[in-house]
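The structures come next, written out as structure tokens.
Two complexes follow with subunit A in common, the first pairing it with subunit B and the second with subunit C.
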Partner chain A sequence: MIAFIIRRVLVGIVMVVVMIFVVFSLFFASGNPAINQCGKYCSAEKIEELTRLLGYDKPIPAQFGDFVRGLVVGRDYPVNDAYREQLIANGFENRIIHCEAPCLGYSQSDQKTVNQLLGKAAGPTISLAVVSFVIWIFFGVLIGVLAAVFKGKWLDKVVVGSTLVVYALPVFVIGTFFLQYVAIKWELYPYPRFEPLQGPEDILPWITGIFLPALTLALFFMAAYVRYTRAFVLESMSEDYIRTARAKGLPERRVLFKHGLRSALTPLVTLAGLDFASLLAGAIITESVFNYQGMGALAVKANNNHDLPVLIGLVIVGATAVIVMNIIVDILYAYIDPRVRFAK
Partner chain B sequence: MKKRTIARLGSLAVAGAVVTAALTACGPSTGGSSENTGGTVTYLGVAGQWEGTDPASVYYGNELASLRRLVYRGLVAFPITDDPNPAPLGDLATDAGTTEDGGLTWTFTIKDGVTWQDGSPVTGDDFIYGLSRSYDETLVNGTGVGTTYLGQYAPSVVEAGYSGPFTSTPEATAVFEEHFFAEGQTVTYKFDVAWPDFPYAAATLFTTDPYQESFDDGSTLWEINSNGPYILEEDEFDPALGGTFVRNPEYDPSTDSTELREALPDEFRFEFVADSDVLFQRLVADNGDDKAAFTDANIPATFYSQITGDVADRTMKSTSPYTRFLQINSLTVTDPKVRRALAVALNQNGVIQAWGGENWGEPSTTIVAKALPGYQPNKGFEGLNPDGDPEAAAALLAEAGQPNPEIVFAFPDTPTNQKLVPVIQQSWEAAGFVVKLNPIAPDATPGYYGQMADKDKNGNKVDVFFAGWASDWPSLFGVVVPIIQSNPAGVQYGVGFNYGFYSNPEVDALIDQAFASTDANEQAALLAQADSVAGADGAYIPIANQKNYFLYGSKIGGFLPDVASSYYPDFGSIYVLED
Partner chain C sequence: MTRPFLSVENLVVHFPTPDGIVRATDGLSYTLEPGKTLGIVGESGSGKSVSSSAILGLHRNTNAQVSGKIWLDGVDLLALSDKEMQQRRGKDVAMIFQDPLSALHPYYTVGDQVGEAYRIHNDVTKKQARARAIEMLDRVGIPDPHRRVDAYPHQFSGGMRQRAMIAMALINDPELLIADEPTTALDVTVQAQILDLLQDLQKEFNTALIMITHDLGVIAEIADEVLVMYAGRAVEYGSTKQLLTEPAMPYTLGLIQSVPDLSSDVNEPLKPIPGNPPSLLNPPPGCPFEPRCAYKHHVPDGLPQRELPELREIAPGHFRRCHLTETDLSKLTPMPVGVDE
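And now, the complex of A and B:
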């Protein structure tokens, strides 16, 4: 088991490094990023000055080297050495911004390090991911199992039909309905605002503020998970060993929970892990509808502003989250299903 | 304001009041008294529109107006008034400034007892330091107002290579210090070119606002160091969520005037929401804290059907400082008759209808907004038919001997423009023009205005192009000069906003006379005359003067769009009504 974990982690690290290099080269291959920071009164001289100031005048391998050094030991901004020296000469060394390792870069248009921006966006995104995950896993699996147990009965038909409807509705329709009708027009629920969770006394406002967006996101996933669960349970309940269990005279409840569900739900671990990881990169539509300032909203903003360092940072963090979750899922899976561990 | 704002206008708010409208509207009156003191006013906005709260980076009219009343007092400020022609009053300075050489040199004396939020006094040096920051590219964050106007009135500082306090050479700094300096509480501004309405600009823009050097640490973009009646409760303003402004314990009302700020609410909460739908749903619903909420965004046309009954009682219409027009490339369309034919043929009402109808704007004969003190209709475009007159235009073309001239029309390729452009195209084709369209993609590099500013239009043939303007301060100098004064000889990029490269010695002479005048009324009259001469010469194609249509909560009092706030609602007068 230990060897298996070490192997997976090493592969994961290699994947992260390769991914960083690919992302960096992709973004920088598309011309001079300084143009995007030049504003509306841009001139050729201004572009030249900004290019130097932001360090885009160096060759791309050198920029990649600086970026990696920033990740490992941190960096100072502005990156241009002459500019920093001039600041010191004029007595303004307090304007030099040190970005601690692992430094992901500096956003000129926000005058903040990418780490600061990501740190701020992480709260709403993680909250949203966790709460909606809990809702969708709990209700998705529960309803899915019920639908399988009552296969063909009216409950099953209602569930199957309604999941289809929910799944077909775009997230922004559900979100807009919750926000503009449930919260604003009918006043059935307090207007959702993100409240950070910093101590036990914050739990109530936090959960109140996050419930509608989390439910919006959860409904979409839940509809899919009800159908996955139903299908997996039905499939495993028709296996030979279930017939054996029933033949042994086990009560039906025990057959379902002890024998049926265990094998039915293992594939869900993989699915759930990856879905959760992708949410850590931000739920763009849900965040936009509710004006939650998470990773998704940050990505939209950075994209609109052509804020390259932030985009690179977001992609690296998002992809790393997926790779890490993948490793966790693999390990969990190996724990649940020993066959995985021994397969070469 | 100006081009950047115009480029994003669709999502921004604009305000204005034909003043009579403000007076006769059934909304609350101004003149809050002490019993209206207290409570929390919520200002609702759309997330992601602010570009900074550092005074060097604030640029949009509504942002300047709100911060001027709450946290950033300047040298001077405009009073809260429905007078369409107010003069600036001393704010941190004792009076509106003095000049003895017709606007070349301005001096101001800073009041005693005015302080920053940490209790330390606001000094003359703080003003010079604040001005110097307006030259730094990294602080102005691409907005460039400071360098644009300072470059125009004090070109020698920019030519010396001055780039702000952090990176300038000692030689460049010396040139800056010859022009702008403080002696004790007296601050002096020496321009190379007379700036007769400098106090008007200083009242509106933050370019000349003071800044406390000890506060300046390289990450000030979203920080606010107040010298006004409120302070920001959070460490930073959040462009996506907003911020809360509470009473400033260091603020001494005896150094200020209720003509400039009544400062009645105990708290101003800026709350940003995802989009204007959510914003207006909340104002229409008028529930809970939203009863004391307002916005400076215009009611979208999709909400007009909900503006009935008591909701309609909570609306106010006003004029706006924004005008829309088309610029003509004078280098390619050289015959004034052909240029005028474009204006005469244009169906202004049809274009306005496509933009949003009568609540959105009204036909105009000039680039000058009705909101500006000294506004006059352009006599050169007198009798222009707002529905377009293709026959008259065809007659002009016949006189010019060019019955079917080809016209290339450039515009930003946005969904709104795609609705307007066919209307414009049809009006011109009816007069005999052969119209070719040149849509510019929104993400083009250089951007739309970058391409239009170029004398060669980025290598493409462009004869006519979309434009819009709002003067950066309430004066005809802020619109007539940048748009129709001839560009200096030899420039490749249009100076100011004269991207049509229009050039007329008669217009220039009238503008020079206005600069030489010291009387505000005479200045305005001369500039209006210059505008009329340009109109008769077909310098541009007027379309519309925009309007505002505001909605506020049922417990909002003192709602007044005025000159001081560029016809956005004035934060200085607003208050919470008692139950």
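And now, the complex of A and C:
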């Protein structure tokens, strides 16, 4: 089991390195980033100067080397050595910004390191992802199991029908409804505002502020997970070993919970891990509707401003989250299924 | 008159489907005494497994319509509540299945699954159940049971898995064991071992055994009585000796003749029964075997298509469902049947 985990983690590290290389190459293949940064009415001299200042004049392999060095040991901005020396010589040392490892870059338009920007955006995004994950997994699996148990009965039909409706509703419709009607017009719920979670006394305001957006996001996933769970449970309950469990004389409850649900869990874990990972890169629509300054909002802003370092940082963080969740899913898989654990 | 230990009376299992009712078992009756073995033979879809699953009440909570009587030791199992049936399942009646790999849960250890059958019917601790599981694994011939008890099904060979299934089924010392083609998925050499094991255990526990199979070799080895099923009904029923030496029903004869004879010429082609069993969905009236029967020209024309023959006793303890008046088929000449389908 330990060997399995070590092997998976090593493969994961290799994947992260390759991913960083690919992301970096892709973004630099789209031309000189300084032109986009400079804006519409930009003279050739201005572009040239900016290119030099931002270090885009160096060959791309050298830029990649600097980027990786920044990730490993950190780096100083502005990146142009001559410009930095000039600042020191003129007594503007405080204008030099040190970016600690793992340094993802520096946003010229925000005058902040990418790490600072991501750090600030991570709070709302992670909170949103975690709370909605808990809601959708709990209710999605619960309702899915109930639908499977009562297959063909009215409960199942209601569940199947309503999941279809909820799944078809766009997030911005549900979100706008919650915000405009539930919170603002009818005042049934306090206006959702993100409160950072810093200590145990923050839990109540944090959960109150996050609940509506998290529910908005969760409803969509919940609808899908009800259907997944229903299908997986029905499938596992038609296996031969379920007949064996019944033939042993187990009560139906135990047949379902011990023998049926366990095998339905395996595919659910895979799906849940990947869906959770994708949320860590930000839920763009939900964040926009509720005006949450999370990773999704940051991505939209960076995209509109042609803020390349922030975009690269976001993609790398999002992709790393997917890779890490994949490793966790694999380890959970081995924990659940002995055939994986003992496979050589 | 005392009722036999197991008495199945006019058992009917119907499955309603959107296309009509599937008559999987239609009026099946037989009896069985402790320590004896009944072989149920028939092609796939003849109702062997369906009728036997009904004894365990495995059709409860499905859309199957089950009627008739199943007397076990003086109690009608079909009249029991779901809860009462559940408490008897695995304790008084146990079952082993065809493919032991899919019949065992891949995520739990063999010991856990074998012990669970004991724990559910007896007020014992996990530790006692485990000890009992080890004892049973040892009894069914699994080497090194103390270690193997913690192995998972996929770490066992096919024969070992079936031994574990047998251990699970016999852990509560059931009065009746139903074996649903227990050797079909196994290698030939392992098949013989499993049959020997079943016979040994049956003798030891004085269990009544229902052996469902389509292998007449298994029947010849293990069964005291044989029930031949066709299209959900019994077509011939009697002692193993009667059926194998004096088959009185063309279908039974066909089954026997389709078994390759090791002493005969190897180049001699096998003799299959032509055609396919009929659909159990809205079956036509008449003898279900008529389209495939090589002896139908000995019966007045139109009778087999019109009327289902009764199950009649032709010798003490020997029943058949056939329109033929002659019981000794060797006195009749068969005709080749052209089954056009």
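Convention: the second predicted complex is superposed on the first by the 338 of 344 C-alpha atoms of A that agree within 3 Å, B and C clash if a C-alpha of one lies under 4 Å from a C-alpha of the other, contacts with A are read in each partner's own complex, and residues count from 1 in each chain.
The rule is simple: contacts are C-beta pairs under 8 Å (C-beta built on N, C-alpha and C of every residue); 3 or more make two chains touch, one makes a residue touch a chain.
Every value quoted in this text rests on a predicted model; they were computed, and no experiment measured them.
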item: Overlay on subunit A: subunit C relative to subunit B, clash or fit; value: fit
item: Touched partner set for A:Ile336, first subunit B, second subunit C, both or neither; value: second
item: Partner touching more residues of subunit A, whether subunit B or subunit C; value: B
item: Which of subunit B and subunit C A:Leu179 touches, first, second, both or neither; value: first
item: Superposition-derived angle with apex at the Cα centre of subunit A and sides reaching subunit B and subunit C, degrees in steps of 10; value: 150
item: Which of subunit B and subunit C A:Leu250 touches, first, second, both or neither; value: second
item: First (subunit B), second (subunit C), both or neither touched by A:Pro170; value: neither
item: Touching partner for A:Pro102 - first (subunit B), second (subunit C), both, neither; value: neither
item: Closest Cα approach, subunit C to subunit B, once both complexes are overlaid on chain A (Å); value: 49
item: Residues on subunit A lying within both footprints (that of subunit B and that of subunit C); value: none
item: Subunit B-facing residues of subunit A, complex; value: 35, 37-43, 46, 49-50, 53, 78, 83, 86-87, 90, 92, 94-97, 108-112, 176, 179-180, 184-185, 187, 191, 288-291, 293, 297, 301, 304
item: Of subunit C, residues touching subunit A in the complex; value: 56, 58, 61, 86-91, 94-95, 97, 99, 102-107, 109, 113, 116-117, 120-121, 152, 154-155, 165, 168
item: Residue numbers on subunit B that touch subunit A, as the complex places them; value: 3-4, 7, 47-48, 137-138, 141-144, 147-148, 165-168, 216-222, 238, 240-241, 272-274, 277-278, 281-282, 285, 287, 445-447, 449-450, 493
item: Partner subunit C, residues of subunit A touching it in the complex; value: 239-241, 243-252, 254, 259, 262-263, 336-339, 342
